[in-house]
Every structure is written in C-alpha cells, then in structure tokens.
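Both complexes below contain chain A, partnered by chain B and then by chain C.
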Partner chain A sequence: MVRIEDLHFSYDNEVEVLKGIDLEIERGEIVSIMGENGAGKTTLIKHLNGLLKPRKGRVEVLGMDTRTTPVAKLARHVGIVFQNPDFQLFAETVEDELLLALKNFGFPPNVAKRRAMWAMKVFGLEKYKDRSPYTLSVGERKRLCIAAVLCYDPDIIVLDEPTSGQDFLQKEKIMEILYLLKQQNKTVVLVTHDVEFVVRRSDRVVVMRDGRILADGPTREVLGNVEILKAARLKPPQVVETARILQVKGLIDPQCIPITPYELAKEVTGGRP
Partner chain B sequence: MEVFRGFVYVPRRSWLHSLDPRSKSVMLLFFLSASILLSSLPIQLALLASMVPLAIASRSLHRWLGTLRGALIFAAVIFVLNALMSPERGLEYAASMSLRFVVLTSSFSLYFLTTTPEDLALALESSGLPREYALMITMSLRFVPTLARDMQVVIDAFRSRGMRIDSGNLMERLRSYAAILTPLIVFEVRRSLMVAEALEARAFGGAAKPTIYKRMRMGRADHAFILIWLGLLALVLVLRARGLVY
Partner chain C sequence: MELAELNTVSFRYQGSPDYALRDVTFTLKEGEYVLLTGPSGCGKSTLCRILNGLIPHFYRGELKGEARVAGYDVRSTPTYILARHVGMVFQNPENQLFLSSVERELAFGLENLGVSESEIERRIKWALEFFNLTELKDRPPYMLSGGQQQKVAIASVVVMEPEILVLDEPTANLDPLSAEGILSLLDTLRREKGISVLLVEHRLEIALKYADRLVIMQDGQIVEEGDPRSVLLSKRASVIGIPPVVEAHKVLSGRGLDLGDVSLTPHELASAIERVMRCGRRGG
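Moving on, here comes the complex of A and B:
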C-alpha cells in the first residue's frame, strides 16, 4: 500500500528533518505515528500525497511514485486531515465544504449530494448543513474536516492529531469511525500524542525521534515498553503504568503486558474475568 | 515564501548589525529618496551595486540575494506593463522603473536583515512615535514569517483535497485564490484578537508609564555613518537641482 525507502528530507537544504525513514504500511492496517514535537511526524505524512517530495530515497503509494505523480491524483487515494481545522475550511456552507472535494474528483452531482449527506449524518453535522463552517465550535470544525475527507472514500486516511480539542464523547465517536474504516479494510495512519487513544484502536505503533524511526511494532510491544516510551518522551498508558506498579509489588505476573483495563483486571483476578 | 525570509532579522556579528537603528534609517532614507528622485537607468544600477558591499559587510549577502531574486519576478511584471502601457518612453524607461522597484525592495531588505524588530520599535519610540504605533509597525513585521507559514499550511490543505492552484483559466485561478484567502483572513483576524488579549493580559496600555530597559546610544561610528549618508543625499539633491543627474 505505502512503501517508503530511505526517505531523507530537509526544508531548506540546511537541517535534515527526516534522516532515512524506511516504512511499509499494508492495506487494512491502523498505524499510529508517535513521538515528541519536531520529530518529523507531520513532515513524514506530507510525503504520502506528494505535498513534499523526497530529497533522497523514494515514496510509493499504491504503486505510484510520489515524485512523478501529481498531488491532485494522489489525493484521490490518500486523504489527509491536518491538525488545525481553521486552515482547511474553504466553503460558504458545511454542505459545500463536503461537496468541494467530491466535485473535484468528478463525482456525479446526485452521488456527491448523497455522500455529503452521509458524512454529515455520521459526524452529527446535518443540523448545520447550511451554516458557515466558521460558526461551528472547534470540535465540530475538526469533525467537519474529517468528514470532508472521508466523504470521497480514499483508500488511505491520514489523521493528524484527530483527538485534540475533542471531548470524551467525540473521541469515542472518532474511535467508532476508525473501527468502521477498519471493517471496510481501509488503511489508517494516525499522528497523535494520545496514548490512551492509540492503545485502544491502533494495530501498530511507529515511534519517531529526531527524524528517525526509533521503534516500529505491534501496539502492545511498543506501548508496553517503558524504555522506548521514555526515549520518545511519551507517557505510558495508565494501564501499563498500573501494571508496572503491580509487578514491582509482586502482585501480578512480571512477564505479562496488559494494555487494556480488561486484560489488567484479568491478570489481577488470576484469569477470572 | 523564500522572499519573506529576506525581511526577517538574522543575528550576525557585523558592524552594520551593531549600528544604532536610527543611523541605519538614515541609510534607508538615502536609498529610498535617491531611487525615487532620480530615474535614470545608470543611477538605479549604481544604487543597487552600492548595496552589494553593504550586504557583504553585514554577512547577509545570501539572504539579500534571495530578496533580489524574489523582487526580480515582480520587476519583470513592472517592466512588461511599462513597456506595454507607455511604449513612447522606450524600453530604458521601463527597465529603470522595474529596477527602481528592486532598489526599494532590497534596501528595505538590507535594513530588516540587520535590525531586530525590538530595536526598530525602540528607535521609533525614541524618535517620538507613540508606543501604540511603534508596536503596530513592529508587530506587522513580526507576523510576516508567521503569515507565510500559515499560507503554506492552507495551500497544503487545499491541494490535499484535490484542488489545483496553478491550473485552469484565469477565472478558475482567481476562484481558488479566493478560496485560499478565506481561511487565512478568518484565522488572522482571530489571531489578532488573541494577540490583543494577550497584550492586555500583560498590562499593555496600562496607566503606569512604561520604563525602558535598553537605552539607545549613538557612538562615533553612528555619527560618521549618518554624516556619510546625509552627505550623499545632499550631493544627490544639489546635482539634481543643477540638472547634472536625473
């Protein structure tokens, strides 16, 4: 699906931001890219639809080399939702905002309308159909940006900090949508600091630091490894931390790595759920 | 975006950097008035050429040339427009008009590359400008690179949704530029409100008279520097009055 080989990048030819990234992402995976600010996460995802081109190395998406494929063509397959919703709203009404990309990609008007309606319903935005996007709250604007990408059904969905500024309920909603996308065998790339969110939904975690990949593996292995988390300046998930305390006190098996509350409870009660 | 970088202070150690901002303003004044008062092509070229050693001395040649490159694009437009609109005045006139634009832009670049916004504010204040206005000027300078960055983010988001900026007929292009400006304007207005609140939260505009932390002081080098540029300016005025240069 996505193949990145020895990717190097710098904005001004002076400081390298990405220093040799190798990464492969398969269809249907939910991958989280984590790491401290300035590690190169956003720079990396901008390579997925060709907004940035590698200085060295190559990026291939669905067999297309991003260096030679126009962004408009890649964007049909890779939907990126950026961090700040205020910079991504261009239309006069919420509905037009959703129709914008649909029209661009040549969807027939009646199909486009139906898709826009579907996206509004999923994200609870249908009551704002004719309102200006700028009159919505931050959380609603963020959801509108996600809806504006999901409505044209790209194969790969990239979300930069999707949970920031969302309350608990909205986070749950986004999680549900991720689950839906997984059911449809879509590929999802998340950029986030939110370990609690990642622990519940992600199949795989890639940890970046200073333009390199520090760790790459199943969520349990990476988020259960306190050393890696410390090096990447990430706080372990609460369950992992609690399990560590219980292990030090000798209350649970020192080898186990529970990452969900349910697993931890099972360890504590000795296998009885 | 490259062009903006020519107007942002770069910390270097050079005598031009260490001069009082007020003396550098006199230099700027010379370049601006000479370039506007005189319009012949050789003069504009000479003005531009005389900035080169200054840029080298301030160790900012690279950035300064970046401004020059950016300005040349606009200068080309000015050249074409002049040549088309007033063909009777000849190509030399069109060339000197476009070069004048380059001289004006690059002299501002030289000034801003070597002067911090704080120093500029201090200079403005100490020459009697009310604090609010000094702040207004320095803030607008300070936000130029931020605005450039914001614009890049907006363009990235726009292109990520399959929109093209540099294709289609004129109407289509204008429409996409308008679409890009919408979020930018909305956000910058919101940002300015946030900045205003932040300033008030730090007691800007309070009743107490603010004290000045850094005193501006002119040295001998400053006086010499000012004299040179004032002398050159006087020379230009005299020669122009006698009709020796134009």
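Moving on, here comes the complex of A and C:
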C-alpha cells in the first residue's frame, strides 16, 4: 500500500528533518506514528500525498511514485487531516465544505449530497449544516475536516492528532469510525501523542525520534516497552506503567505485558476470572 | 472562604434560543483546585466567562441569578477590576501573546495596572524563575514551543497576583509531558501562593491527581460534583470517560480485591494492589 525507502528530507537543504526512513504499510492496517514534537512525524506524512517530495530515497503509494504523480491524483487515494483544522476549511457552510471535495473528485451531485449528509450525521454535525465552519468549536472543526476526507472515500486516511481537544464521547466516536474503516479494509495512519487512544485501537506503532524510526512493531510490543517510550519522551499507558511497578516489586509475571484493565486484572488475580 | 459564588445562574447568548447555563450553583473556595469537565458544548466555557466578567460585559445575552467573584458583583463590576482578581488562560496561547519578548509580555499587564517599577522587576524575576523561563526571557513568544508559550501565558496572568486562576483547556494542544508539566506547576502555585484554580480539562488521566473537587457538567447544568474518587464511581462519570487506572481499580474490586479508595494514578493503584497481595500471602 505504502512503501518508503531510505527517505531523506530537509526543508532548507541544510538540516535534515528525515534521516533515512524505511517503512511499509499494508492495506487494512491501523498504524500510529508517535514521538515527541520535532521528531519528523508531520513531515513524514506530508510525503504520503506528495505535498513534500523526497530529497533522497523514494515514496510509493499504491504503486505510484510520489515524485512523478500529480498531488491531485494522489489526494484522491490519500486523505490527510492536519492538526490545525483552520488551514483546511474554505467553504461558507458546513455542507458546502463537504460537497467541495466530492465535486472536485467528480461525484454526481445527488450522490455527493447523500455522502455529505451521511458524513455530517456520523460526526454529529448535521445541526450545523448551513452554518459557517468558523462558528464551530475547535473540536467540531476538526471533526468536520475528518468528515470531509471520509466522505470522498480515499483508500488511505491519515489523521494528525485526531483526538486533541476532543471530549471523551467524541474520542469514542472517532474510535468507532476507525473500527468502521478497518472493517472496510481501509488503511489508517495516525499521528498522535494519545497513548491511551493508541493502545485501544492501533494495530501497530512506529516510534520516531530525531528524524529516524526508533521502533516499529505491534502495539503491545512497542507501548509495553518502557525503555523505548522513555527514549522517545513518551508517557507509557497507565496500565503498562502500573504493571511495570508491580513487576519491579516482583508481584506479577515479569514477562507479561498487559495493556487493558482486564488483562492487568487477570495478571493480578493469577488468571482467576 | 468562598472566592467565587454562582447562585442559580442561567445564561442565554444573544440570538440563541437555548440557555447555555441553566440554574447553576457553584462555589470556589480559597486555595481550592477544582477540575471542571463534561462533553463539548455543556457550558464549561460559559461558566468560565462569567467568572471573569466576559459575560455579561463582552458576550451579550440574558444573565439570571447571582454571580459574585472576590466580593464583587460580576454584573456591576467593570472587567478591568475583575481582571486583577481573576486570571484567565485559554486553549491557544498564541491568542494571548503579542509582544516582542517574554519579559515584555510579563511586564505588560503590570505596567497597565500602574505597579511600581521595582515591584514589576521583583515579580518578573520571580515568575521567570518559577516557570523556568529565565533563559528565554529575551525571545519573542512566537518562537517558543507550544508548552513554553502556554507557560508564558500563565506566567503573564500570575504576575498580576490574582486570587483565582481560570484555565479553559490550557493543555489541549500540548503533548502529554508538556501538559503534565503545566498542570504540576499549577498545583505548586496553588500550594505556594494559595491561588484558587479552576481547570477545564478533558484528559482526566493527567489532570485528576491534583484536583480537590471534580465537577461534571452536561447540557448547561452541573450534574455531579464532589471528591474526585466518589464522582468517578457515579453513574454520570460515563459521559466523561474513566481513566484506565480507575477502570482497572473497578475491575479488580469487582473480583473481590479490597483495594480501598479509588486509585487515580498508576502509583496509587500499584500500591493498593501490593498491599492486598502481600496481606493475602501472609494470611494464606
């Protein structure tokens, strides 16, 4: 689905922001890219739809080389929602915002209208249909941007900090959407600091630090590794941290890596249901 | 002593048919750290705006009930007077910082208040040290990281020495470690300076441990409030989401482990489990 080989990038030809990234992402995967600010996460995802081109190495999306494929063509397949929603909103009303991309990608008007309505309902935005996007709260604008991408049905969906500023119920909603996308065999790339969100929904975690990949593996393996998290200045999930303390005190199996409250309970009660 | 007191307060924004706040009664005591949470649109920001007089002096609408802050009736007190007693910090520090250097940013409000030069110098020196900003004092705020900017925004409010600090999702745009840094600084401020803190925050897993009181709002009303540990066990907690440690605590208690009061942090939970396991081993 996505193949990145030895990707190097710098904005000014002097300081390298990406220093040799190798990454492959399969269809249907939910992959989270984590790491502290300045690690190169956002720079990396901007390569997925050709907004940035490699200085060295190559990026291939669905077999298309991003250096030679027009951004407009890549964008039909890769939908990116950036961290700050305000850079992505143009239209006068919420509904028009959704119709805009659909129209651009050639959806017939009646289909576009239906898809826009579906997306507004999913994200609880239908009551704002005729309002200006700028009258919405930050969280609502963010959801509108996600809705605008989902509604034209790209194969790869990239979300930069989707949960920031979202309340609990909205986070749950975003999790449901991810589940839905997974069922449709879509590929989802998340950039996020939210370990508790990642631990519940992500198949795989890629940890970046200083322009390089520090760790790449199944969520349990990576988020259960306190040393890696420390090196990347990430906070461990609460359950992992609790288990770690209990392991140091010799109270539970030193090999186990519980990541959910139920798994932790099982380790503590020795498998008793 | 009650520093802020809302008594059956309702508010409807001009042009809106619905009330954003409905019959809200709320108090904030001296030195208290209150965590206010609830679904988006539940009225949290509206409540904050009343405490510093933005409602009714800036946002027009219909305000009912009694609202007193630091002894002043909010309705009849100009915002510049309230500003000396209530410091406000918002989600996006960029909207609050506009001067050429961190030091200028900290001096600005004090100069406006007519504070003497030597006093300004003393307060700025203290704030730069307290917030660990001394090395950045000549830098323009827009060159700083999000976490540093938020510290400057809070520092610029704290130097005014308000009795109350109201923060509306101050860490929403920060990574978890920067967010924790900010929240623990607020706790220190409260303990060292006796400032009352009202914090609006969704991420309970990092904010809970400092709170004396947890308040849940929904649909313009306060639906639950009290000791965080008991509020988290209430039915209403389902709308705000329970942090994983609290969930684990509940699961283990459900399996017959007597862990005592609800744990709010991994360390608390681990200690509670350790106590039970060691007792169990001795007994068995």
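Structural remarks
Going forward, the second predicted complex is superposed on the first by the 273 of 273 C-alpha atoms of A that agree within 3 Å, B and C clash if a C-alpha of one lies under 4 Å from a C-alpha of the other, contacts with A are read in each partner's own complex, and residues count from 1 in each chain.
Keep this in mind: a contact is a pair of C-beta atoms (placed from the backbone, for glycine too) under 8 Å apart; a residue touches a chain by one contact, two chains touch by 3 or more.
As the structure is a prediction and not an experimental result, all values here were calculated from the model.
Of the two partner chains placed by superposition, only chain B is touched by A:Y134; chain C is not.
When the shared chain is aligned, chain C comes close enough to touch A:D167, but chain B does not. Within the superposed three-chain model, A:Y179 lies out of touch with both chain B and chain C [touch as defined at top]. Chain A has more of its residues touched by C than by the other of chain B and chain C. After overlaying the two complexes on the shared chain, residue contacts for A:A75 are found with chain B alone; chain C is out of touch. The touching residues of chain A, counted against chain C in their complex, run 36-37, 137-140, 164-172, 193-196, 233-235, 237-239, 241-242, 245-246, 249, 251, 260-262, 264-265, 268-269, 272-273.
In the complex of the two chains, the chain A residues touching chain B come out as 46, 49, 51, 71-72, 75-76, 79-80, 82, 84, 86-91, 100-101, 104-105, 134, 148-149, 152. Of all residues in chain B, those touching chain A in their complex are 150, 153-154, 156-164, 179-180, 182-184, 186-187, 190. Of all residues in chain C, only 38-41, 91, 145-146, 169, 172-173, 175-177, 180, 202, 205, 239-241, 243-245, 247-248, 250-252, 255, 257, 265-267, 269-270, 273-274, 277 touch chain A in the complex they form.
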